[in-house]
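Sharing a structure below in structure tokens format, with a few things to ask.
So that you can tell them apart, the chains are marked A, B, C, D and E in the order they are listed, and the count of residues begins at 1 in each.
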Amino acid sequence: MERRFSQTPALGPTAALLLAIVVFSVGSDTFLNIDNFSFIVQQSVVIATLALGQTIIILTGGIDLANALIAVLGTLVMTRTTLDGVPVVAALALGVLVCALTASVSGLLVAKLRLPSFIVTLGMLTVVTAVANLYSSGTTWPAPDGLLTLMGMKLYLFGRVQFTIGMLFAAALFVLVWVTLTRTAWGRHVYAIGNDAEAARLNGINVKRMLLSVYALAGCIYAMAAWLSLGRTPSADPNAYQLGNLESITAVVIGGTSLFGGRGGVVGTVVGALIVSVLRSGLTQMGIDSNYQNLATGILVIVAVAFDQFTRRRSA
Amino acid sequence: MERRFSQTPALGPTAALLLAIVVFSVGSDTFLNIDNFSFIVQQSVVIATLALGQTIIILTGGIDLANALIAVLGTLVMTRTTLDGVPVVAALALGVLVCALTASVSGLLVAKLRLPSFIVTLGMLTVVTAVANLYSSGTTWPAPDGLLTLMGMKLYLFGRVQFTIGMLFAAALFVLVWVTLTRTAWGRHVYAIGNDAEAARLNGINVKRMLLSVYALAGCIYAMAAWLSLGRTPSADPNAYQLGNLESITAVVIGGTSLFGGRGGVVGTVVGALIVSVLRSGLTQMGIDSNYQNLATGILVIVAVAFDQFTRRRSA
Amino acid sequence: AAGCSTERAASSESPSDDGEVKIGLVTKTETNPYFVKLRESAQAAADKSGADLIALAGKFDGDNAGQVTAIENLVQQGVDGILITPSNAKAILDAIQEAKDAGVVVIALDTETEPRDAVAATFATDNEEAGRTLGKYIDARLGDRDPKVLMADLDPSSSVGLQRHNGFLDGMGLTDDSDAILGTALTQGDQGKAQAAMENLLQRVGKKVNVVYNINEPAARGSYLALKARGLADDVLIGAIDGSCSGVQDVADGKFAATVMQFPQKMAEQGVAAVVKYAETGEKPSGFVDTGDMLITDKPVDGLESKDSTWGAENCWG
Amino acid sequence: MSTASTRDPAEPAPVLSARGLRKRYGQVTAIDGADFDLYPGEVLAVVGDNGAGKSSLIKALTGALVPDAGTVALDGRSVSFTSPADAREAGIETVYQTLALAPAMDIASNLFLGREIRRDGLLGRLRMLDRRAMREEAARQLDALGIATVQDITQLVETLSGGQRQAVAVARAAMFGSKVVIMDEPTAALGVRETRHVLDLIKRISARGLPVVLISHDMPAVFEVADRIHVHRLGRRAGTVRPGEVSMSDVVAFITGAEDVPD
Amino acid sequence: MSTASTRDPAEPAPVLSARGLRKRYGQVTAIDGADFDLYPGEVLAVVGDNGAGKSSLIKALTGALVPDAGTVALDGRSVSFTSPADAREAGIETVYQTLALAPAMDIASNLFLGREIRRDGLLGRLRMLDRRAMREEAARQLDALGIATVQDITQLVETLSGGQRQAVAVARAAMFGSKVVIMDEPTAALGVRETRHVLDLIKRISARGLPVVLISHDMPAVFEVADRIHVHRLGRRAGTVRPGEVSMSDVVAFITGAEDVPD
């Protein structure tokens, strides 16, 4: 039992998630309901996807404070170029390119100049925010219906259970990243770098190239978050997701991934993102105002991490 | 020369500061002027003081994302209790107490439960924000003139050079913390913990008590930042200093203190805070828009740290 | 969608919300005094009519995802109506549509949606008009002096900020390219940021300036402090928009030339009443209801309707 | 070894002793009912396989870990150290296997870490440090101990070679030990000459009348300096022997369990 | 030593050699014009004081650091490794003094770190790992090498004792070395028995015809397994000697500079 906890680090958070679901199901009669679960998932998809990219970076021992703003820049590029008449597919590709390149700049600085990722991405956060404001001319741009907002399209199972294409897409993305992290050499090298970058280098791993590829991949994932976000809120707003960086880090950490790198994984991240959404939804169902919801969320973050640490220490 | 760089880590940032001053003095004819310098210092005092507390925590290997909000809570407590008729001295003391206690909660969680400070203070940030909103009822409270806004009082040297009491007070606070860090056993233990907490413990240092005292002291310093802030903007606003945490971290890191703990000091932090203010002022004098200023600030952060890293590596 | 309504019907039969009207309020943020007033007024109105109010908010101006989440959760909770001040009117249309499909009446407060008829009704002030009122007043006060303007804006991408800014310039008879605009700063409506930005701008432009436009009263207070530090506070016309009690007081103290007052209580009261009526009678409100604005100044000019600070103090909010 | 004669074996009164210590980490039992005795003035070697629990035993004796069960006695009186500070207070100095140095601090600061010298008078009351006194004392002590020729007492520890670092840790223990000095593999990373220095140092400390505990895998060194050898096996003391009475290969056999330790 | 005879001393063609290597760190000169030669099939011991620059020399040979000056040749052809990957590629395996293990990964993953086995077929093209093959191969190799009885190949390295960790690092080098195996103080933290295992392993590797470089401070071990001894002093090779021709105390004298190394 204890062994299992430490080997599959997502068990602690999963227990917390189930506990929260049980509590809210008892405490509110509108919570336990398939529609509500569908909404909860929809609500967490963008942050969860940002957190997915964040997870890979944190696994290498880094952190990305610019991730949400990179995604915001992505939504702006995708939307504005589409409005300017660029074919949507090209606009999407351009958005992915911009996100990947922007994240790669951070990666380059971290890998080549060996600067701490915290400060590099803090600087990038300021830079990308400014660029997003300049590029958007300070206004929000409505995303035209079609491929750009495809992720928000609703599907009904048995004519009743609501799905969005975005949910399926995000799920597929998660599986892909999970397989890459756990079943390929690249994934192992991500963990190895987070464990001990110098040891990884001495084992013939090209740490610089790996780091660059990690940030570039994370950038692509942020672009996916951008697309998903256009599905959910069909407009590109330079002011959106200002707290997306901290929220995504919260999901990663609640999910049991160590901020020091090398330990954890994306399963926990998904669970972590869901926990936060469940909490918001459940507290609203119980008629609690958002000020108190924030209070509860803050406390939950600390409790979840303390609980995780506790199970971990017992099994150590 | 190289030796000197690594021994006194504030030399790199100081060079950068002087360089910036020279560049702006040449680039703008309104920059080099004693009044302007006075304003630059006034503008940086609150963030610099927040960064002072942040420095001690970062030196132990921690980080405090809640610092600015704790100070905001401090301004609210000081102002509201004064408005409620509590004697100002008591109101100030109460503010200090609240700040110190709040920061100590983080300290307790970090020290006793050995949770990562990043996530503890992230949780605290959410909690304190909610508490500040609830306590202020979401509105801004004007600080009555008198002791509460004393720090904003202007003094004139030679009838011409403007000073505020806050500038002198902050300077005294800096000297005090500098002496404590460099000339007392407590200060050495702060560094020792940041170097290697387990080694510190094996050397008979009570790491838990030290950490607790570090966070408590930082809390007191945040309270001083709160008082200084009431001098500068005589009102308590739950919305203020939302980016104060990241701005104070930026000052610390530009000042050459390592985010991994154990290396750096408060001299660099002062310089780091001044650099950011000089940049904002200088760019404004050169007629550059806010958006481009942000762009430049972001780039500067990265360049300053890269420069620091570079001089450090050469001397290593 | 049919499934949803069945679900709702089932839940509304449970004893906990037997017969009680439930109203959701979604503001842009938690902390702006303006939204706080909106919330307090709505709470008071709801209490009076025996309704239940759940107040939610985005985490920052621009938190569209947070507002969509709030709407979805409120619909799940089974509210009868939602009052919302949309951050970004386009971003949340789908969520509003879904709420309507679930039989919830949605009313916009303070800020319009695009298109307007996305919601049943709108109770709001016209921000552009508020800006224009201020612009006209300042222009009149300047007389034949040439305007030399510094602008403390909100943030480049906020629609409210843009509308007020444009309205003000229009009222002054200026455009963004006019030489009369000596500089602009982004302040996020924050007093400290406005103060620092204005200090730096004043260092550049010196004593030339005679007008400072401010997106809101905290920013105006920051501008005032910066001007005062330079000994310019008496020579410059400081204009603000909001109408909070502290802002009115600043007008009374002569710090600001004028402020333009909005009436969040009216919006909240009318919004709550409309939802209660809908819950009881099924009758939906409709159209755009301008809750009006009012120029507050102690130095009125001819041809512009205004009230003095005494009236302002009686009608201010927060 | 000269000091061994000062102790009367018929009347053993151990300086430091322990009975029935136990410590588990999850599934792993690091200490499994270990006993321990250190007599006045002797050099006691503790030998055992990797993972036998030697370091854990030492940590339990010095308060660096709190055992799940068992008792520790100093000078016959039962003590329970809950932190390394307690053991230091009682005069027990330890060179931990990890050295426990602060890399970004200078040699002098490391030597006085946790027991800095304060200034005299008012400044001392204000808890000001006497940095010069510490530097001078450090230089004097390093000289006196004849340890590695460190050029500059203000050099950061991280700029020292592995061997020099170990020397700093050994010097610290030797400087401050007033009751017992414990060294956990102090020569593992050291060269031949530096090892020689440490062994000589152990003899000199012992000559000062202080008992020394030496953990080592280096049999010739153990046989050179030890008065008694404590063989540790599977988390507990398998027995003690005297170097004069057994051969090195006997001890290796005891360690691996190939032979039982005679009573 | 049996393999030494297979080399004709009259016709030396070193497998790995270096001339005039130099490396400075700030003020410190870690390598100061060092030469190096390793002949086919031999076990070469490198000995020297702490800080003499032995580890730095090894790192320069294996691409772990790029020297400021000097040349390295493999099989007579000049090479310039710019990363450890290059040297690995060329068949040089190294046990670094720091072990270079990933603590939160299991033993099998560590053994194959940087050269994981891919699946066959399509999944392999998709860069999928064959985790079972790696586990089985790891277990087989550990058995074959007769190294420490690790109970579970999926145990995390951080849960191993210091000695077991060193064994994993040694096993990795032994498994993959195809040209040269280099070990930097592989027995420093090991117990007597474990040290024995490693020395036997070195002999077995050497018997496979692979040349081995062993850095050690343990003279008896050096004299047991080495065919030649490279004495390193002050950043350069002071000379080489054969164990049969000098005594241990001679070598110690060479190391400390008390005597010059004979030509």
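The definition used in the following text is that a residue touches a chain if its C-beta (ideal position, glycine included) is under 8 Å from a C-beta of that chain, and two chains touch if they have at least 3 such contacts.
A quick note: this is a predicted structure, and the numbers were derived from the prediction, not measured.
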Chains in contact with subunit B and with subunit C: which ones? A
The chain whose C-alpha centroid lies farthest from that of subunit A is chain D
On a C-alpha centroid basis, what's the spacing between subunit B and subunit D, in Å? 43
Just how far, in Å, is the C-alpha centre of subunit E from the one of subunit B? 50
Between subunit D and subunit E, the Cα-mean centres are separated in Å by 32
Contacts with 2+ other chains: residues of subunit E: none
Of all the residues in subunit C, which ones touch at least 2 other chains? 30, 156
Per-residue multi-chain contacts in subunit B, two or more chains: 133, 291
As the complex stands, subunit D meets subunit E at residues 28, 48-52, 97, 159, 161-164, 185, 188-195, 217-220, 252, 255-256
Given the complex, residues on subunit A that touch subunit E span 179, 183-186, 188-189, 191-192, 195-196, 198-206, 262-263
Once bound in the complex, which stretches of subunit B touch subunit A? 65, 109, 113-116, 118-120, 122-131, 133-134, 246, 249-250, 253, 259-260, 291-295, 297-302, 305-306, 309-310
Residue ranges of subunit D in contact with subunit B within the complex: 64, 83-85, 88-89, 94, 96, 98-105, 109, 113-116, 118, 127-129, 131
Using the touch definition up top, name the residues of subunit C that touch subunit B in the complex. 30-33, 35-37, 39-40, 156, 183-186, 189-192, 195-197, 199-201, 203-204, 206, 218, 221-222, 225, 229, 244, 246, 249, 318
